[in-house]
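Given below, in the form of structure tokens, are the structures.
Next come two complexes built around chain A: one with chain B, the other with chain C.
Moving on to the complex of A and B:
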């Protein structure tokens, strides 16, 4: 999208638009329990497939591998994990949650197989390393989303 | 088995900002082009059913196909379906319409103007759920950044190899009349371009692009009414990976392998390395070219980098159009690939024509980090 300024624009009508459609999303029963636990108890819950033993966080209603219903098989996870992948976001845009550059990581929580995508702070993007131990820093204010975890930061060992 | 042919293809010139032309006008040009090539008409003896491909968010209106029914011939009491996936999937849908006996001719048109939106990354951010990913700013670019690191580490793909991919894409684009970005580059331009989403650099990413593509597809019985040289759709497959990035093996293109195997099986191709001699992959980011080549089985796993170094792109005529890296819009990047392969198989690709091609494979993807994968095989 560009501002139209050249000669041809004099004969053309271009109007700006902005879609704003207020709506609401339901997190689902499983998602709600996860979010409410995060918000009210600062506890991170996952669900474990009794068949293949995979632990999902964020939780899922069914195991992605074998379609087993797993929504009643909750496990409580700790607040630590390992950074298994990351990117450094270096572009600017209105939908981004932080001033760039910032680190978007994939964290394998201790005791879980599935990884959680989240922000990693407290380390310079040039020094971030796969395999780093990280821990949760909870947010001061709730948003009723995964951002009730404000970010992850390295564990000093 | 009955066969389905592509009888004609029309491509709109791709540019980064076609603000002065409505997508309806772009589609009208293509309709006239395909009718000029084939003489097809709408009605009982011609096209009774139309297929379109567009995206509600890029068009900033819901049921985006409603706005184009008149310029695709569907506005006068004809059937119309919209493919709300990357356009290459429409070829599979059109095949199903024809092979089922429901139709014998399908007109298929897709469009996407990325430049209409302030940011395509904002649009792909909306593809993610609001609780776990959207609020983190995840979009197709950052998802690709995560995949790029995972894949490059697994396959030991280097910055030098990615620079070769981009430099070559621009070289071929300069010969393609429809391609968008034709500025020539040196490897150093790519390797030292600014970091966009580490390890993706600015010149590793496809430019914002506007375009439209149309095809006429027909049954074997009907195809020769429209062309002397039909190009046969011999294989089609698609496959979906998980939605949640955290449950996927981002370093492997497992969904693509399954989609490719389906397509090869349907086409009777047992050894793609020996049979395929033209490839169009949807490489939105440079790392995706070797990764998708691995997924298509044209080199072994973890050998994508070596494929680049050892003249694999030349041997298999990979992206002689310039591909996505020279600019194609999301939603129809693969459809442009099909139109390009159609021209190549007919020997009508002019300055970027390959010699002796008879079996082309086209790959496309939708969703973050190659979540959904589609493969089509076209043969002379």
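Moving on to the complex of A and C:
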């Protein structure tokens, strides 16, 4: 943060602040089952709406289209999918998960309609293409978060 | 005169989750969705019938910002007009006031309002509140929502012993009501013979305020569906009507009770104006129930005096005589109030919700024995932000001078 150092600031006090409050987030039954399966069996689970057949990954308690409760209707997905969109992150900031530049992708897992946001590695940002087939690379160490998937990488075909 | 309303608005659906200390089994949108489903089921309508969804919480508590953006998966606002309101503790009531305005204006026929907080996800609610205070004058000194000012004022007026007894009697009365309410969070089973013991032994928080006096930290959500008169009559067997509401607010930390810039606090101003424009001269006679946002037992006894426009020790005498019990002259907080249940941004919405359930006869074990025709509900937030609302069982007040 930059402190104001103009004429006015000599007469006007600036009080620095930093908000830091502890907090936690309850992932809930549905989110927890996904993370536990990912962590313990390296399996990616989705839920399927029995009414409109939409498959959601990340899983949701209710279908977004018709509000049907779908949290009991689990389906196991493979570890492959298609890159339906992407962006290249160039700016640098402390909160970012990787050194820039890196690729942030939207991946539609095979058999699912909803898309998962994740990192795409193993391809130069200049060569990344929509429609690329990609597969999961699991993280070596668990963090009990979506980063138990370390990243996606292109499938050589 | 009542505020000019383009058309009448009724409460057509009410849904709430159980209020508890923590809900690990649900994330935020899932908890909200439970209340939304309950409200839709109560109204007997589907999500497609809702024209607009409004949503609110105090976001500093969960430390998740702009939750309305991603809560759509729980609110059901997909492809619907939707916005978020946040006015501190008052949020739940402001949402109902806004929903009423949106429907009364003719903008929408059916509006769903959702209030929630998951306070177990907050590491420090009082820490969060200090971040709302002015950074130069108050942030470094603020004690969050904990204050003893009310207690000091009451003690100065009527003496230590009588004031402490009245506050504790009020607290135990609230617990007795909560014990009958299966949705209430804290149901402690307190008895009046514990007054002496609690006055001495409940852990002190600040000044005269002890742990037992203070509201809980709860998780929960409430959703209410408001509809135009025509639609409300069509979809609900027992619509409850929103007659009028008023919001009065001001900064009161600087102008506190010992250096009053104004002679009345925002509650008394709200009550005076609202009753006057509705022709209600004796609120204790007129109303059959009052659900009041009472963050602590000390505030409870002080604010009852303001809302009911009482003077001197009249309100203390009424507490002592049990006039605010379920079978008293004016039952206060049959739900058990905020000292029992406080999922903050659902809290103020639970007030009109409870009044409506009492009018419908659907309150459950804490249903009042008397017929509830006229109800009052209040919300409170920030540094004296008052929302006060009159609810009616029948659409018969127009042109009337009541009370």
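Please note the rule applied: the second predicted complex is superposed on the first by the 156 of 157 C-alpha atoms of A that agree within 3 Å, B and C clash if a C-alpha of one lies under 4 Å from a C-alpha of the other, contacts with A are read in each partner's own complex, and residues count from 1 in each chain.
The rule is simple: contacts are C-beta pairs under 8 Å (C-beta built on N, C-alpha and C of every residue); 3 or more make two chains touch, one makes a residue touch a chain.
All values reported here derive from a predicted model rather than from experimental measurement.
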| item | value |
| --- | --- |
| Chain A as common anchor, with chain B and chain C clashing or fitting | clash |
| If touched residues of chain A are counted for chain B and for chain C, the larger one | B |
| Partner chain(s) touched by A:93 [first = chain B, second = chain C, both, neither] | first |
| Touched partner set for A:17, first chain B, second chain C, both or neither | both |
| Touched partner set for A:62, first chain B, second chain C, both or neither | second |
| Partner chain in contact with A:29 - chain B first, chain C second, else both or neither | second |
| Touched partner set for A:125, first chain B, second chain C, both or neither | first |
| Touched partner set for A:78, first chain B, second chain C, both or neither | neither |
| First, second, both or neither for A:50, with chain B first and chain C second | neither |
| Stretch of chain C penetrating chain B in the combined three-chain arrangement, among 135-143, 243-251, 333-341 or 351-359 | 243-251 |
| Chain A residues contacted in one complex by chain B, in the other by chain C | 17, 19, 25, 27, 31, 60, 64 |
| Chain A residues within the chain B interface of the complex | 1-2, 4, 8-9, 12, 14, 17, 19, 25, 27, 31, 35, 56-58, 60, 64, 85-91, 93-98, 104, 106, 114-119, 125, 130, 143-147 |
| Of all residues in chain C, those that touch chain A in their complex | 22-27, 29-30, 33, 37, 47, 60, 62-64, 72-74, 76, 78, 118, 120-124, 127-128, 131, 135-136, 139 |
| Of all residues in chain B, those that touch chain A in their complex | 17, 19-20, 60, 115-119, 121-122, 125, 129-139, 141-142, 145-146, 148-150, 153, 194-200, 242, 244-247, 250 |
| Touch list for chain A against partner chain C, complex | 13, 15, 17, 19, 21-31, 60-62, 64-65, 67 |
